[in-house]
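In the two complexes below, chain A is the common chain; its partner is chain B in one and chain C in the other.
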Partner chain A sequence: MNRYLFIAKRLALAIPLLFGIVLLVFLILKVTPGDPARLIVGLRASEAELQLVRDQLGLDDPAIVQYFRYIGDVLTGNLGYSFKSNEAVTSIIAERLPVTIWLLGFGALLSLAISVPLAITSARRPDRAFDHATRGFGLVALAMPSFWVGIILILTIALPTGWFPVGGFGETPTEHLRSIVLPALTLALSIAPLQVRSLRASIIAVLGAEYVTTARSLGVGHGRIMSKFVLRNAAPPTVSILALNIGYLLFGAVVIETTFALPGIGQGIVLAARQRDIPSIQGYTLLFAIVVVLVFLIADIITSIADPRLEVES
Partner chain B sequence: MSVESTAAIAAAATPSHAIAGVERVRMPRRVWVGALIVAAYVLVAVFAPLIAPYDPLEQDIVNALASPSWAHWLGTDELGRDVLSRLIFASRVDLLVGFLGAALPAILGTVLGAVAGFRGGWVDGVIMRISDVVQAFPTYILIIALVFVLGPGVTSILVAFTLIAWVAYARLIRTEVLRVRSLDYVAAARASGLRPGRILWRHVFPNSVGQTLVYLPSDIVGATLGLAALSFLGLGIQAPTPEWGAMIAAGQPYIREQWWLSTVPGLVVVGFGLGLSLIGEGIEEWTRK
Partner chain C sequence: MDEEMSRTVLSVDDLHVQLTLGGRTLSPVDGVSFHVAAGESLGIVGESGSGKSLSLRAVLGLLPSGGESDGSIRFAFERGEISGDVEQVRGHGVAMVFQEPMTALNPTMRAGDLIAEAVRVRSGLSRRAAKARVIELMASVGIPDPARRARMWPHELSGGLRQRVMIAAALATEPELLLCDEPTTALDVTIQDQILGLLRRLREERGMSMVFVSHDLAVVAEVCDRVAVMYAGRIVETGPVDEVLRSPRHPYTAALLASAPSFQGGGGALATIPGSPPDPREFPSGCRFAARCAFARDDCRQAPYTLAGDEHRATACIHPEVLMEASA
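The block that comes next holds the complex of A and B.
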């Protein structure tokens, strides 16, 4: 029962937050200098044309009226129309979203494939050569801009082998898959150092726990201890690191999609900003914030279900 | 605040250490290695006009995309400008935004967090609700939106960093202030009739700020990488001002032939980041001892 109360409370807290988010996104239009109508119809439009656009969008209404109309629009799934293509922002996003989901999903998996073995090997013999090398490399990796890593991968893998395209997303599923490998690897390399660090620390902590000593004294083998006790207990902190860094991952997607010319929402927001396409920027910004709120919400709920200790404490 | 007082705070925070007797913990050597690297970058930035062999903006189209030679150690870019000179001058804007982009949010966040934690009540409520909303956005997505609103340029990038990145510091300091506020010596200060403002700045604040300073080096790395990323995306420092991230972007189309145009500026960024990370990691380890 307690758990449902916790989830209900957590959901209730998210609602005022969403209103704050919508307010901030609404302000992007209000605060940006210049006449939005001018951005739509162009520099040569007559005053009459401008006024027509202003009337259509209700730009002359008081700000508070516009804010409530914006909330209404958002709630009914209308994010406005692109200043550039006149397409609905929701359909632009829907078109671009799958690419980003592929990138994030594939990137997260690859990052685990890199960081879990490294963390286990480091934690088995802390402060030995391998551990030091991993930590040293992590320090360097954290200082590397992800777009630069992407370019290095293009230079050292894509160009010499020809296995992967230098950019773009291709047309067929096979091409999609080939196009996503290097961007996903770039994303994985940018998040892996953070994961190795936290996973290594939690493995060392669990290895020192009394139940592991007990298991060992009962003759349980090393591999079994790792899989049965250590990884199971060290995994939740790693997952929450991934969740906590969702903002970092999303910005990583923005930069990496631009590097590899992947038509995802990350590249979308950059193009929108370059073209001064305000409704699209608003749409993307709102989407990114909602993703973050949802991920935090889900992470909290999963933790409360997965870790019964929290319930005991509350 | 100097580094020594951070140590004093850390020492005071670990009673076991105090009982064992005050033993001077030596700063790890990597802190000095990192400091040397960072100092070298700072010197290059300060004396850029003296060190750079050419004017970073001077074009020589006939001599564009030249390979490294004795005349141009790192070759020339697509407009025939000397790459080495551009890298040297770029350190000015990258270091400036790196340092200020970390320091300004730290100052704003520390002040707001300290006030929120110390005053409590509606002040605390307002500051924390604002920070909730800001934190719901991925930091750099919001910075993209804000730089879009403010227009490109160093000033608006710094304003955007400050208005958004203060949140993490405010939360950190607020928690610390809440902890310190309930300690005996603050109660004693209050009982002896000191004004709240004085208690906050003279007693609570110095004992809460240590944690913030530990994070500063990695946040300078963050701000530098953030600026480089914004400029790489074409949303940060605008041409023709030299900037590391923008130089990496400008070199990308020529990666097949002139691979050094993108790779070398990246190495320069990594070197600066590594220097700061060494300092940060070293200090963190040092305060834990």
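The block that comes next holds the complex of A and C.
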């Protein structure tokens, strides 16, 4: 019961935050130099055409009226229409979002598959050869930019073997899966070092806890001590670090989608910025902001589930 | 019965513990030997830093990181003798109860699940079968409403209940030998009495052997048959609890008794032991208590350490007669 209350509280806290974000996104339109109507009609259009568009968009209304209109639009699911294609921004996002979800989802899974075993093995014997090697490779991986890692993976895996396409997302789920492996691996390599470091440190700390000694005194085996006594206590700091890095991850998605020509949100935002397609930029920004808020919320929920004591303290 | 009583469940001989801290090596346990017969309860008493808890932990190979022990530790269970491999006895003959029931329980594991883990170690029962056993164990250590409490987290339980959960988990492994590391120190006095009563009852019911470490002679007197008094990493006196309390043969034991309110009737001022225990980085040669001993003589500072006496009673003091003269 307490846990639901905790989640409800966090959700309630997210609402004013989202209103603030909508305000900032609205201001993008206001502070961007140049006349949005001019962007739509083009440089050679007549004054009359320009005024027509200004009236359509309500650009002559007071800013406060425009702001409330924008809030009303956002609340009813209308994020405006692209200056370039005239398509609804919501449908552009709906088309691109699955690609990015595939990328982030598989990237996160792969990063866990890489980092959890490495962290456990390193923490079991800290400061031994394996630990040092893991840390060394981690530093190297951390220092390599994603676009470079992506290109190297294309050159050394995709091209010689032909197992994975060098770019694009394909048409069928099987093709999607094949297309996402290398981008997801690139993403995983960029975040795994952080996870290994954080998880390794927390596992070492937890291994020294008295309740682990209790488990050993009862004859509980190594594997069960790790899975039942250590990991659940060691996870929360790593979950927080992952959540705090969500901005970095989204940025990573932008770079990786561009490298692998994946038609996702990241590629979309680069395109929209290049074309000065302000409604699309606003839509993507709002989406990113909502994702960040959601990820923080999910991290809080995971942490509260992992550590039952948090219910009481909240 | 005679044969059973004569079996020595635990034999510790010449145990040393080395701790490496910040590049320096200490020997907080320096040649400790003790034996526990089947069904017997041995108390180890000493002040903080005397090495009593480390000795106990060394028995199960549970020293903190940087700690290493050597010496002979042998177990003789009903199923046979074991020495050398502590992993074979943890949860299989020996279990341990810790001082701080809050830190000794996994904060992210429900009370019943911890006991179920221990049941599993012992019998490999399925979760469902273990459940009934868990509730039975919780009831047997006096936890009211065990089915509900089994679903609670450690932080939702009181200190006394937490310690009962710890004891239930230890019992789940059906130990022949129970090691208790100051199990009542962190508890309120009334709860302390309940837990001591529980331990005494369980020992009688199950015929368990027990090693009970405490800084409190009164507590040891309540649950133990024999006592070993430790000072600065060594045992300075052993014997049956009542005899040692009545007529100590080591000045340190006598000083401990004089400073404990439980043994000094009336409202008189309690004695204190002057000075403080020696630094384990530089133990003095000869008798380590000599610097604080009211009866120390010159030869005490050269005396080599030996526990003089027999199985029944022994003291490391080379002048035990001074105590008899003092009390006469």
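Please note the rule applied: the second predicted complex is superposed on the first by the 298 of 314 C-alpha atoms of A that agree within 3 Å, B and C clash if a C-alpha of one lies under 4 Å from a C-alpha of the other, contacts with A are read in each partner's own complex, and residues count from 1 in each chain.
By definition in this document, contacts are C-beta pairs under 8 Å (C-beta built on N, C-alpha and C of every residue); 3 or more make two chains touch, one makes a residue touch a chain.
Not measured: the values here are computed from a predicted model.
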Fit or clash between chain C and chain B when superposed on chain A: fit
Touching partner for A:A133 - first (chain B), second (chain C), both, neither: neither
Partner chain(s) touched by A:V65 [first = chain B, second = chain C, both, neither]: neither
Which of chain B and chain C A:A8 touches, first, second, both or neither: neither
Greater chain A contact set [chain C / chain B]: B
Which of chain B and chain C A:A143 touches, first, second, both or neither: first
First (chain B), second (chain C), both or neither touched by A:K228: second
First (chain B), second (chain C), both or neither touched by A:A94: neither
First, second, both or neither for A:R216, with chain B first and chain C second: second
Minimum Cα separation, chain C to chain B, after superposition on A (Å): 12
Residues on chain A lying within both footprints (that of chain B and that of chain C): none
Touching residues (chain side chain A, partner chain C) in the complex: 208-211, 213-221, 224, 228-229, 232-233, 306-309, 312
Of all residues in chain B, those that touch chain A in their complex: 129, 132-134, 136-142, 144-145, 148-149, 151, 221, 225, 228-229, 232-235, 245, 248-249, 252, 255-256, 259, 262-263, 265-266, 269-274, 276-278, 281
In the complex with chain B, residue positions of chain A that touch it: 16-17, 20-21, 23-24, 28, 31-33, 139-140, 142-148, 151-152, 154-155, 159, 246-248, 250-251, 254-255, 258-259, 269-270, 273-274, 276, 281, 284-285, 288-289, 292-293
Chain C residues within the chain A interface of the complex: 60, 62, 64-65, 87, 90-92, 95-96, 98, 100, 103-109, 114, 117-118, 121, 153, 155, 166, 169-170, 172-173
